[in-house]
């Protein structure tokens, strides 16, 4: 599988990005959405498509190969309200800069990411992050420099407003 | 006192003027009104004033009060306030400039007189002692001790010795009121074999013109002393004040 | 600097006879003689100012207070005076010479009765 | 009386606080008299009043409900 | 199970990128085999080397072989190689000789392990400021000057004085205690910490309050010396007010220096009171409220992970990405990011978890394991056949309790068919023995007489399950923590107590029956209520994790309050970011946005809720597993200071709008006056609105920047620019903004004379009334929650006295709501700035993700159950603190009423059981019968049936 970005592909085909979106949407170009708002396309399919439009195929190498990328459920969730399908266009412009990835000059995940997280520090913050992740399907390595976890909070006698024991 | 009206005009300018003169503006605006300065100031309460209040009055533009309170002459500018001030506010400098804003002739007589006497001749003595008198006292006392205490027959109290290592200052009062107090110092310098000298010019240690906040006179005094040190080619200028 | 001076003082008077006041060094209280206060004419205020220094000195229970400069000497001496000569105020040079055994009879103006007659150098030279 | 009176005390300890506290007393080796018989409960609020009364009737000298 | 804990470890090297890091970790030697150590403590008892105990702020001693503290996790000893006599001088090995399990391993070698992870969360915490360098406070010189952390240990029952409050100098009880705030914070002279440490005001108040409980008798006094009291968190102001009304004195002053007291006992402080008088006061003890600094290893961590630190050494983040660093895949949280309190740390820990989860969601579940067990034997109707396993715990139990006598005694107890005594019942080989004996003797109930069920019950439940027995058929009898350890001097009585305990355990376990953990099918979809920054960010994070979201907003546009704000406190412009976020939300295929929406009904519970939503003219039914509530708050309309009488008197948001609209009058003004706490911190709204101080300071900076000649005044009660917001406060002062403190009882007075606005206020330092001319008067109007009545009614959740939605626990569950499956985010929970709203929104997505990540959710089996004795008297309905019980009426069949308990809501507290007069409702595992059996066993030595 090859991972593509709509904008890039549009450039190669010299068409508007919406055109590419429409191709995918209409099924002309068989592609599956992935989590990072990218699409997975079978290499053969892309070659077929290029041939169809008589476009040089040499650019294909520029895209990342991604053979085991976890693709999101491609069957787009049916909208409940469905009043304004346009505004819920799933092929909207990519990555406009809010979450980490975009904020940080785009991370391309070449492979399926590793499903584990390292938490450095075993205080109350580290413990909470660890629990959240471990309970939602990730393996967590917790690194603590002292002999036991608990951090500063363990040293507190009581906490307000309840004056409960901090333990 | 009546309420202060603020806001319509630019408030008093004294504080801003001082800030222009100080590096970082002396941080004068940064006050958190925490009062650590006043808590540790020995002058707190004198003249119903304390460092925090003094600074605050300046900040509120109460220039008249700030520049007229005699409290500025009771602050010794010891800098204990800055020592703990979380914002390192230079209140002593504010005090200094408040002193300066007094008409020269209205400043405390004692300080004024000492400064003026120091300006009288190049000795810089706050008691107005001239060069000849100083040299005479030193030689006279030295002779007396060399004779009375034979172990120190070789002791010297050089005056105007070219190229000495140390240029020594002496408090203005000692040669005049208690010349014997100079002797222990000479003895110590003699025993350690120091290469030192007095200068007939610029020998007096203190600088009342600084206390008077008379910048020009202060500068003159310092320059006179520095020139004396340089003229004798001394390396170290030792001031006991 | 502060440590160097303490070294000298301890050598001169003996470690056991040195009492530091509290607070000390950079955080010590000003005695009130400096900054021109001594000459400014506000004697009553100056004495009030010096009250903390007085308390500090008395708290040390020391017999002698060493002052670094003439301004301090005058103020601290003055404070001792109004507190019934609670201590003696000396210059460091006086103590150095005393410890070296070279302090003559005329150089002892600020020593107390307890030390006035100790190890007098050439007592006959008294004037 | 030759023998010292030794009371029998029933203690209901809330799992989340008093029972944890008693555990901590152990870890800290705090010594106390061995007269209490601890019963762990999920909340001190789950102890029915009639059980407390029963306990006293059956000879308990004291009942502690800790939470 | 899916957590691997590496203690005594540090990061060596980091390679790779987001999604695939390879991190080398150095595991230092512990010298104790954690598989063998049973934490009996014999080693420490015998270890001859005493070391300052850093856990007790060096006030107590520990040994060179130690556990950090009694409840330490892991509860395993470790040898401190810097202090161990053998490791430093080659002789001793006492611990090794006495260790009953052979756990000591002096050959333990440091190792470097390579770990593959997709993301990293850095939470190394903080370092408490060390006041030794400050000559003015005499710390380290005056014995009765302690840091707040030391004081915390002094108060603690586990501390160096066993919780008896005594001062260090002469070990007498201090009566008068002083706290000095801002030691090592808000100070750029004695240290370089210009920021506010955020937590010290509250911990000082807490310490003073707790001290009141410790001290008794006459003449006690607690004084807190402060600059500004910063009680800006939820319920903090109320706590502060209570302290003020109690016997804690708050003195707005800063002592210059602490002097030693008489004979070096206690301290003397000199401070200046509000009238400018110097006061000299003696205290028995002074506590320095030390600030929080970035951890010492922050620069090394930053270098290794290639992340940025800010000018104070804390991790640098942006307001719109509050836990993200410049390195993709590396997130920061806790006090490492900024000084912050426990709830904020816990919240932002979840924020970081959410960020990690959203980049790794493609691999969710790829590395986690779930355990499977053999099918359970049905023993429900079998006669009890009880196996009793008595642990010697090395000698921990056996030294005090006669375990042989105990075993003999147990053999004669009813239903007991097997008794064994083990050296360590918790050891792996004993588990095998237990399983074997269960088979061999057909045991169907087990009693483990050992340590506490709080740590070991899961282990034995697991053993039973492995042996095809229901996990709830085991009963632990605590003969160590609650017997041998606490009755060491009375072995005979301890043995008697142990017999009674085992007897009680047997009596109880005989009445145990297999329990099923109920499973709830999870609808893997979230409902987000409220489309402000918190709600939108929550929805995006949920969508990125692969979950469908329904985002309902009662307005016709998303964005909420953010539309009215110009920039964040770090200066990031809000409008462009807001528009991007809205765009992302509206175009995200996983997010279904419904505007003009109203929640009409709620059914179900965690994992499976259903609601009807009114949207414009249609009603939509939705099904969801969790809900994030982010209904927001708004700026109130001031009722004082002549608001509404003149256009030049405006609120912060109105002022911001004027700035946006380029109102030139503002730039040309001669004078602007801000009044703080307008409608906050008063009778009606006794809480702090948290955002207004920073807002006012930012606006003042803006005015001074566009027009340096303008006179800008901020009238305030306490400036609450917490954290590095303090930099803004400092900047405003430096620019010449004048801050005048006023008192709640002496508020400023606003008048309009000849069409000119004047504000009269009493200036407390010069002690004179000041009259301020104002071209503009900007009021810091209180933030009030949006109406939540219907929501509270529908979800049976709660609000506090101020109308803000409650969290499940103020410290430990600040994002969960008291109703399972509900999470709270943003200002509906409490007023908060943009960065914190976003953080909580993301945190809610993480918390929700815990539930949404599974198809089914297992609930604990300790739940209430309605029996056929219930006659519908409904006494229990009101008693239930979790709203888990409902009254129903069976009109068709029996015509009777009865209660129904919802296991998803029930926490098994059993208040219902105690309330019910006829056994109509019971708690599994803690039935009245079982409790009664234990009481009977303890008292009568006869089993009563």
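Each chain gets a letter, A, B, C, D and E, in the order it is written, and its residues are counted from 1.
In this text, contacts are C-beta pairs under 8 Å (C-beta built on N, C-alpha and C of every residue); 3 or more make two chains touch, one makes a residue touch a chain.
Quick caveat, the model's predicted, so the values are computed rather than measured.
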Contact-graph distance - origin chain A, target chain B: 2
For chain C and chain E, chains touching each: B
If you tally contacting C-beta pairs for every chain pair, which pair wins? A-E
So, comparing each chain's Cα centre against the centre of all protein Cα atoms, which one is closest? E
Based on CA centres, what chain would you say lies at the far end from chain D? B
Give, as an integer number of Å, the spacing between the C-alpha centres of chain D and chain C. 70
Which integer distance in Å separates the CA centroid of chain A from that of chain D? 55
Distance between the centres, which are taken as Cα means, of chain C and chain B, whole angstrom: 20
Using the touch rule from the top of the page, what residues of chain B touch 2 or more other chains? 40, 45, 80, 83-84
Each of the following residues of chain D touches two or more other chains, namely 20, 24
Taking each residue of chain E in turn, which ones touch at least two of the other chains? 71, 136, 157, 257
Given the complex, residues on chain B that touch chain C span 40, 42-43, 45-47, 70, 73-78, 80, 83-84, 108-111, 113-114, 145, 148-149, 151-152, 171, 173-174, 178, 180-181, 183-185, 187-188, 191, 205-206, 208, 211-212, 240-241
Give the list of chain E residues in touch with chain C in this complex. 135-136, 138, 257, 259-260
Can you list the residues on chain D that touch chain E in the complex? 8, 10, 15, 19-20, 22-35, 37-43, 45-49, 51, 54-55, 58-60
Note which residues of chain E are touching chain D in the complex, please. 70-71, 157-158, 162, 452-454, 478, 480-483, 485-490, 493-494, 496-497, 500-501, 504, 862, 908-911, 913-914, 923, 926, 928, 931-932, 934-936, 938-940
Give the list of chain A residues in touch with chain E in this complex. 33-35, 69-70, 72-73, 76-77, 79-81, 87-90, 92-93, 96-101, 103-105, 107, 109-130, 132-164, 167
